[in-house]
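Chain lettering (A, B, C and D) follows the sequence in which the chains are written, and residue indices restart at 1 in each chain.
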């Protein structure tokens, strides 16, 4: 649809009607004042004709609201910068061929769930034999050697181990995001690698349900992978990045 | 579905004697009304005949030619508009539509033309009626072929509404819905259309909370749904509404444009639009004759009773009305497979064991009307702006639908209490239904109802009360029952409401070759 | 809670965390660009750290989004004007006593669902014997005479009838609000009464699930009643307003 | 509840011989482990003893005195920290807490004190242990009196979590939840706490996705819930977690602060926190002895298996583990009414007839463990950011809970896949449960399961596989079973994982008066 017009607005039941649903809780006891406060907030969000369609006192001086309004904002698609990861994803066979033909040695990856995060399923989805959604994990790739350190690994341990294994890539999973603990944790890892002088020597990758490529790059990573990632996407990125560095001389080699 | 309903229904232990009694009473009630129907016609019935004769256009002001012709005929309508039309065709040698246009432009006065040879008039009339039947039959065959070729979903079919007011936007939403799993798309009508004593014309983009039902809009949607059906490899059905002051005309349009279902209730217009009872009960008869021929599934409107009356205490009124609607339908030539009798999931969510009562009612309807698809309507009355709870209410509704083997599931929307559905509401509703029904597909086969349980007892009690109600209506007659507010807690006088002026006694020589063809000699018997 | 601080922000799981949930559809095919557009829109709404937690292609070039973000706006309760209807609601007995003692004659009200609106339940809830939520409707009040014109009443008919009945109050219900049909309809009624020169002679009241007192006043009505209204609230308003007009001479009387 | 489970469960037609076999195998499996347990102690077990002796404080750096004492004892721990403590009390005449502080400050070295008269030491130890038991018993009576006076909800109890990280904010959310209908409030722990080899101290406000379990936090929440219980006229229960490296200590704190439930699984720490198997299996024993005395309902963690393994194919591992957890619990003196055996609603929502499988599993658990409250955990794994569908998943979960008569229903949240619950999420979850359960309260009594149906067949098949699994574990032993990844698809070496260094062989003269009192002579027999 946007091919025609790059400026888009929300669509409820008609083009550009601006329909948006919101819900939130305000620290006000339910009543007319609370509803007016909710409408005022919606107006500030740029929602015209704000309607409180439901409100419920939650006790403790809190009230929950559901509202609808007509968004007065619009987005010009032409102005959006979407950091894209890569052109094309290679499959299992192609990745291994690529490694044999262009890198000529096994790729070593070290993965961990760092900090206090014990959610290993996401990382396992990428690393384990079984893989994810029918796509084999990196352990099954003959041209990869995988070291999966599992859960609750301190950043220090991960860095030490990566150096020890001569890792080409470090894969970190962060699932718990409450109070932005993942941001602090990932930032610390990047700094630590920098401090150890090994940052340039590895492809540094973060993943997790609330991780986007954009965010990861912002935090000093080479790539970020969000929900639904398949192992071959990650493998493709790693080997292409290694190849790019080899060609451009970015990485000093061992 | 059959296994399912046998499963749950057998546990209800209904008394077959009571069921027989209900049907006998319904027959007596309907007999009395049909005796009246047979002696009368209505402006809309005559306009429908003209439409079937091929008159579809409007005049310069947008007034349909069929209205102009019927209005000009005035007193003469009792002889049948068809008589005057085909007399004019015989005399002038013009096509029906040309005749109608000439009348509209004041160039021709049907009543003043010389009377042609009656045999010639009849020959022309019968010829036109047969052509009309052929056209309808052709559309029906078309549907059969497509269904055969493309296949269709298992029941319950997922039925959603579109209601943007703009037929082109409706198309976008309908296609999106079909892609997301909808089996049936209903284009809701604009508020107010049912009280218009004519059918608007052409493609329309300005309805309120619905889109005008016009023949052109029917075509536009049909084309879109046919395309998407081909794309999906699954036949997607189209629905519109044959209620209001133009029941038979819209049924005719639906027959000619291959709609698959029509909302068509014998009493909805009376109760919910305050349309005159006589007018509606005459109109429903012809409209159903047309739908019978067209292979429409009709949807009756008993669900609406529970929006004005209480679902728990008035549950039996739904059942009583279904027996009456069934009888009216059978007498108009509809087959059981065409009877989407309506009921609804409308118990107060705060009612303890409310789900048991909903299951009781749904299983009862299934048990009483085997062979009928049965249309199950979602919770609406007790929806609030709490879209999360609303979504859950719909989830339980979908569960009951699949558990009890309903045929047509009209999906509830999380935003029911707020606005006509957004495109995303329809997505959520379809996802809800697919999730619940897939997850509980064979649940109905797993259980035997305890015959002494709350569900079975409740179902038997509702049936008993329905039968008592039918007995009472049989005694006082349907007209009187409507006056006493026995349905939907609404009282309607047989001589009150809109449109009585359109009721006309048939003259002894009343002529309607379309009705004759549709009845094939079996006039509501 | 607000007694302490009149400035409020949304509360997710902690005071002032600003948590807001939104959902909307954009006319863009699902994908990275669409998600970025959704985030951009959320940013314009003043939601920091916008997260798209769910997106689904709806076909037809449309994508549905669920998002969360931290609202950067706040509302100062002290600045809100909440048009309040009245101080105190009298019950059935008190209203009738009030009429007998202070007005000394029966109050005549004429009600209708106007335009093409056929939703009579809301009006019936106020007018019918049965009433609403255990509160008797106005028909049951001995000191009221009620004329309920029912559904789909043209504004013209309503005005004519109100004049004919010598109505003290006109009660209009509007439930269908699609494309703001209710606004047009209510405005027309107020204008019509003005044109007929009877506007000042009646208490003009609107009601319906999307009607607020504020909105009604804006449209030239004396009061508006929203969801959950009980008959005694309406009765109290009518009789007090009639009394006020009697005392202030606002109404010329008959 | 009883009627309900009799209803659905009887239709399962389980083979009582198989059930007997399962229990015999579980007994043999547990026998072997308990033989090992009886010969060992752990640092945390000894710390728990010190806590029961009244040592609650921390040193200037915030390190708990119990840790400092136990650490200083080093090799000497095999005789039991209590011996050294009460010896010091006997020698110095100081209170236990003062002794501990003196040790912490380096002022006292327990190992270098002269040995007092052994009878005197035992007298002091027994006296202290009896005091501790009285304190625990008093809290238990307090609960009984409050429950008696205030009453409690019918089952399933509605259980919600709070997890703000800040105990004061948790209180706000807990009170709000209680007012909206919650029966049970669990304060989730901060990530990472379970791997701390000490229990943090004091009121805390800085946890991540949970709040630290500290004795002061327990008190703060208890006070708030007691207040709201009085206000509501309904006893609201408090829960925390006795898993991790400090199982027995936290159980002791929970006993002293009148918590009502403790998450306590024999194997959770091993499987999900990679805690050493020996360490965990010793720790669970004392922690359960304490909970038995305190009248805690324990909640086991088999639900977690289905987050790493598949709910359909691994269903039998849950049942097998429940038999083992049951046996461990009974051998630690817990009564059946205290066994909230855990399981979960985790089938892939896309699985056709998934709901039938969920019902099969829930009914099976109910049938196998009559008299146990049973804790039913909500869908989490297949939740996505689609909060609307998530709400619906929880609705079906709540329906199965009430249909099959579960005892404790941990409510799912619409935002499960996004964040720890907002206050409004908890409202929606509670509303969901109240709506569904009220609406379907007696549904379980309405149906008889078809013994040849999908549900009954599935339940019997799962039981058979569970029994086969138990047989195999009996053959190889539990240690080996863990090494082979038989639970949750996770492999754990008996000598791997965290905390093995805290396992110490008991000396022949091992002294632990608290354990003695708790066992009352029945040492896991």
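Following the convention adopted for this analysis, a contact is a pair of C-beta atoms (placed from the backbone, for glycine too) under 8 Å apart; a residue touches a chain by one contact, two chains touch by 3 or more.
Predicted model, so just to flag it, every value in this text is computed and none were measured.
Engineer: For the pairs A-B and A-D, output the one whose chains share more C-beta pairs in contact.
Structural biologist: Higher contact count goes to A-D.
Engineer: Which chain's mean C-alpha position is the greatest distance from subunit C's?
Structural biologist: The most distant chain relative to subunit C turns out to be D.
Engineer: How many angstrom between the C-alpha centroids of subunit D and subunit B?
Structural biologist: Roughly 59 Å, centre to centre.
Engineer: Using mean CA coordinates as chain centres, what's the subunit C-subunit D distance in Å?
Structural biologist: Between these chains, centre-to-centre, one finds 52 Å.
Engineer: Distance between subunit A and subunit D based on Cα centroids, please, to the nearest Å.
Structural biologist: 34
Engineer: Quick one: which residues in subunit A touch 2 or more of the other chains?
Structural biologist: Within subunit A, the residues that touch at least two other chains are 11-12, 15, 19, 21, 23-25, 51, 56, 60, 62.
Engineer: I need the residues of subunit B touching at least two other chains; which ones are they?
Structural biologist: Those would be 163, 173, 386-388, 417, 419-420, 422-424.
Engineer: Can you list the subunit D residues touching subunit C in their complex?
Structural biologist: That would be residues 163-164, 166, 169, 173, 384-388, 417-424 of subunit D.
Engineer: Using the touch definition from the top, list the residues of subunit D that touch subunit A in their complex.
Structural biologist: Against subunit A, the touching part of subunit D is residues 163, 165, 172-173, 175-176, 179-180, 190-192, 195, 208-209, 272-274, 307-308, 417, 419-420, 422-424, 427.
Engineer: Which stretch or stretches of subunit C touch subunit A in the complex?
Structural biologist: On the subunit C side, the touching residues are 1-2, 8-12, 15, 19-29, 32-33, 36-37, 40-41, 44-47, 51, 60-62, 71, 73-75, 77, 80-82, 84, 210.
Engineer: Mind pulling up the subunit B residues that touch subunit D in the complex?
Structural biologist: Interface residues on the subunit B side: 349-356, 359, 386-389, 391-393, 395-396, 399, 414, 428, 431-432, 435-436, 438-443, 445-450, 453-455.
Engineer: For subunit A, which residues are in contact with subunit B within the complex?
Structural biologist: 11-15, 19, 21, 51-54, 56, 66, 68
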